[in-house]
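Quick one: the structure is below, and I'll ask about it shortly.
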Amino acid sequence: MRSVKKEEIYKALVEIVGRDYVSDRKEDLYIYSRDPGLEEAHEPDFVVMPKTVEEVQEIVRLANRERIPVVPVGASLSLSGLTIPYKGGIVVDLRRMDRIIEVNRMGRYAVVEAGVTQGKLKAYLEENFPDLCHSLPEAPPSATIVGNLVIHGQGHLAQQYGFNSSMVTGLEVVLPSGDVCRIGSCALGPYWFSVEPFPVPAGLFLGWFGATGIITKVGIRLYPRKRLRDVEVFVVEDPKLVPEVVYRVAHTEMAEDLTTSAQPYPPIYQGIVMIQVYINGDTEEELEFKRRLIWRSLKEIIDAKEGGFMALTPDIRGTLLEEPIPTLTRFADVLRGGGFVYCGAIIPVEKFPEALKRLFEIAERHQVTFAHSGRVIGRGHCMMFAFAYPFNREDAASMERAKKALDESYIATLEMGGIPWKPDLSAQRMMIERMDKGAAELLKRIRKLLDPNGIMSPANWGVEP
Amino acid sequence: MSASLADIHRCFRCGWCMLPTNFVDYNCPPYVRFRLEGYSPGGRLWLIRAWLKGELEWSERLAEVLFSCVACRNCAESCQMRFKDEIVDWIVTAKSIAVEKGLVPPKVRDFLENVARFGNPWGLPRAQRMAWATGVKRYDKDEYLLYLGCESCYPERGREMAKNVIAVLEAAGVSLGVLGDEEECDGNEVYMLGELGLFNELASRNAKKFKELGVKKVLTVSPHAYNSMKKYPGRGFEVLHFTQLLHELVQRGRLALSGVRYKVTYHDPCFLGRYNKVYLEPRRVLQGIPGLQLVEMRRSRESAFCCGGGGGNFVFDMLYGPESPARVRVREALETGAEVLAVACPICKCMLEDAVKDEGLEDRIGVKDLAEIVLDAMKGP
Amino acid sequence: MELKFDRSLCEKCGTYDCLTKCQYLRLDREGARREIMKLINREDSFVLRECVTCYACEEYCKKGNHPFYLITELQEEKGILPVPKPILRQWINTGIPTKRDPQHFPFAREPVLSLCLFPEFVEELGGRLFEGFSIIVGRHFFCQLAYLHFGRPSIIKERLPRIIENIARHGFKEIVFFHDECYSTFTSYARAYGIEVPFRPVHYFEHLYKRLKELEGEIRPLRVRVAYQRNCSTRLAPDKEHYLDEIFELIGVERVRREYDGENALCCGGIFRLQQRYDLYVDVQKRNVEDMVRAKAEYCVFNCPMCYYMLAEGVSKAGVRPIMLHQLCKLAVGEPSR
């Protein structure tokens, strides 16, 4: 952008949000050029931090007038570069919009602004509505609710209630035109209880990584939070047993979260897969009832000595019961290097053994260390299977290896018929190339329809390079 | 004492550090003020690394990012990584590199020069240090050397607090004396600003003086001095913060407390709380006062939100504005329904009292230090 | 390494205490005799499948003929798995040393304390009770005895010589063992298999007693009632248990008389859970804890950290305070227990 133009735009942005909340300083742009993953950095022209919906609208209108890209961001923790301003432009950091607007207890929903963090909502509910919780992902508590929704994230209630994005009860969106709209019951009245059966789908704005508009408010379902919570860890050696274990446990409908993990090191993890089965209850009786049903559901596998429940020591149990579990974040320090990337593959549960095999092969091929963590979605309709690779920021070779392993993991995902979750740009391209032609066409048309000037997160789901 | 920056690349910028351990709301004072990611702990570490690698040139903005860190230690408390305890040290080291290269912002440069030349960061004459304390006993083999510190000697409110502390302790018959004109800056902020040479100089001067006078126990008004003196190399004396002694006195019934009739919320000072894990004693003092109703803010103990006065900021006020940490904190205190915001640090006292005024809340909440509350209790409701 | 087993002792036994006294198998004398005969003839017996590996029969056998060690040999011979295969694999792997496990502690001098696989106790095992002690800890010093619970004595035999060498290399004449299993390994198990142990194992009861005796003047009697949780491996070498009662007397603690103590002690249940016997696990913990409550115990004193991990919560929920023995002793000499 020419410097005269830049000056003008800068002034216009200052007009909108105030001097304190716009920046074109190198240092600020540096941070927003990149995320903690391995994608290439690209500098934006501006960073702006609006407080109100009106400010967001003004910013978008300005961007439309001047044809400048706009990239909405939360905490930028996708690790796939979804918030990197590949085409420059204005990064809109939404985290000043951090009000919890409403919690409707009887309706079990909350309405929050785009910048509310996972941690803030969790703390607020614990204090004020202790029998309600939201589906909390394993991301750091600094991650935003909306950020997680726009990537179709999953939280600890995934096995019971599905993707977090299916828990949306209403949206307020600033469209690429700068107009604001509401979707769901909130479009007809003061309540945010449901998006169905409203004709305009919330899905127009979920999973698009900002390409169709900026979500400024969201309604999400809250679920019963019980007083007690515990976890059982079932261990198998043969990955082929995992789908059966998942099927049986899901059938009981007694489990809360259902997650998997496998890693090559330390030795205690070698050669096994662990399935974490979470249970909750308001009384010991309820908890024990659920526990016994779950144990019973796996009786055959246990009797055949092919699988068993661990006896957890308090420190392991304590870690597994943390909300969120910090060990996932700590994976970034495995190589004392400050980073990791992962391909979250959404795959059928029956593909688990193949996915695990491929993970081992990919890691071997690229000589990288790795870990797997997974989460069952719904009653085993699918699962998130993560191929995770740590890297060391001071070691370019380790970064390169991790990136290659990551790329291959996306390929493996598609080969298995899975959907890459929150894919980076190259994985997005692979998906577009591979997907049903009708769908690819629809993708293009919806974008064009909603964003004719191509200003909203233009890199994401873009068909051109 | 200076941490190597060899591991600074290990910061993942995951953001755990931005929140308190109870997740209530953003808890990094410069981030709360500026809201640009570069001002968050992780953002700051990434910028430091970029600077040291030559990816970014030193600039005014970088200086602001670096020196706006108030060293409250929330990041080290919340970080989930193995190197969490080194984070603040990394920032201090980065500051010391800037100091060495002569790259400090003018306000910081002035702060440090003033301490070196006048023994206080405001550059006020040494003679003024104890001018208000002419009636206070000078140390002469008393049980405690009461160390006042710059923030209790120069700002008016700091002096008030010092007077309150002296009044309470004298009422309890505690044997104490002050150093008078010989008092030297304790060096805490100097350390947090990265001027390690000056810190060592101050530390050795203080330690030497205490040794010469045969001081066995030092009692401080400020948690900053408490923190700093605990780290003096080869320290041959015990250090206590006045709230710890107050706690003992209240427990032993050495103070006649009739009581008060107000609701209080206690603000944990960073250098007493997160740095030294002293959370209980000040609360027990308050709970020991009849009629006092103690309520907690949403962010308390290890989750407490810093008033924003550390790292020299109580002088150069980089975080000033309607969203300054002190003003945010005062609003948080108001939410508890408390009429009194209790403090145990003269810097907190100054920052928060100013904030109450800026918020226009003088008729709804007042700031009192712990000694003042105890004095109120001695007078009766 | 062959088990020193004399079949004629079993043939002439007559009482078959090992099986008649078993708290879990409930055999009468005739049933016991039948099963014993099968075992000594290395035939299959339901005992091999149903044994919960509580180690008690080692204690019950007054002839010292190692019935439990025999059971584990036969389990392995016949490929019987007391626990599911993946659990076994985890436990086998858990003993594999990592880069973090030092093979040698060059600065360790006597008096020395071995912490086996429990580094989390390093800080606590200090103060005056362990003044001047060096510590050795980690997988290179892991006693391996746990594999008796998994019917895999071969692992013990394979790894133990190296472990003994790792210790012996330091030249220690005497080592105090924090973990009861270590002590039993280097006494009972070693003797039963003719393994030479070039150092004198000292149980931490013995050390604690002797040290407390030295500090006798400074002990403030605790005057509390405690239940003792008798762990499995102490039954292999009960000779040192008298020190426990002597400690209790020194520190002014009353060991409550209850049903599940002494030879009748109940396991913590951790191993039963690993064997996937969930009902039995719940049952033994319930009976054990109720017994402590009935006997009006204020504390439950643990000798073994694994027992502590498995049972502390249940004990605590019943209003009895769980505490490790060394923590109790620290309280008696006025030191913080943790």
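First chain written, first letter: the chains are A, B and C, and each begins at residue 1.
Just so we're on the same page, a residue touches a chain if its C-beta (ideal position, glycine included) is under 8 Å from a C-beta of that chain, and two chains touch if they have at least 3 such contacts.
All figures in this text were calculated on a predicted structure; none of them were measured in a lab.
Student: Testing understanding: with touching defined as stated, what is the shape of the graph linking the protein chains, line, ring, star, complete or other?
Tutor: Contact map by chain: line.
Student: Find me the chain with the mean Cα position closest to the mean of all the protein Cα atoms on display.
Tutor: Answer for the innermost chain: A.
Student: Compute the distance, rounded to whole Å, between the mean C-alpha positions of subunit A and subunit C.
Tutor: Spacing between the chain centres: roughly 47 Å.
Student: Once you find the CA centre of subunit B and the CA centre of subunit C, what distance in Å lies between them?
Tutor: Their C-alpha centroids are separated by 51 Å.
Student: In angstrom, rounded to a whole number, how far apart do the mean CA points of subunit A and subunit B lie?
Tutor: 39
Student: Multi-chain contacts only, two chains or more: what residues does subunit A have there?
Tutor: Answer for subunit A, listing residues that touch two or more other chains: there are none.
Student: State the interface residues of subunit A toward subunit B in the complex, per the touch definition above.
Tutor: 20-21, 23, 25-28, 30-32, 36, 47, 49, 75-77, 93, 95-96, 98, 117-120, 122-124, 127, 140-143, 326, 329-330, 332-333, 336-340, 392-394
Student: What part of subunit B is in contact with subunit A in the complex they form?
Tutor: 7, 9-16, 18-19, 22-26, 34-38, 43, 46-47, 50, 55-57, 59, 61-62, 65, 80-83, 298, 321
Student: Over in the complex, which subunit C residues touch subunit A? Could you list them?
Tutor: Touch residues, subunit C against subunit A: 81, 83-87, 89-90, 93-94, 96, 98, 120, 270-271, 273-274, 276, 278, 309-310, 312-313.
Student: Using the touch definition from the top, list the residues of subunit A that touch subunit C in their complex.
Tutor: 235-237, 265-272, 292, 295, 302, 305-311, 313-315
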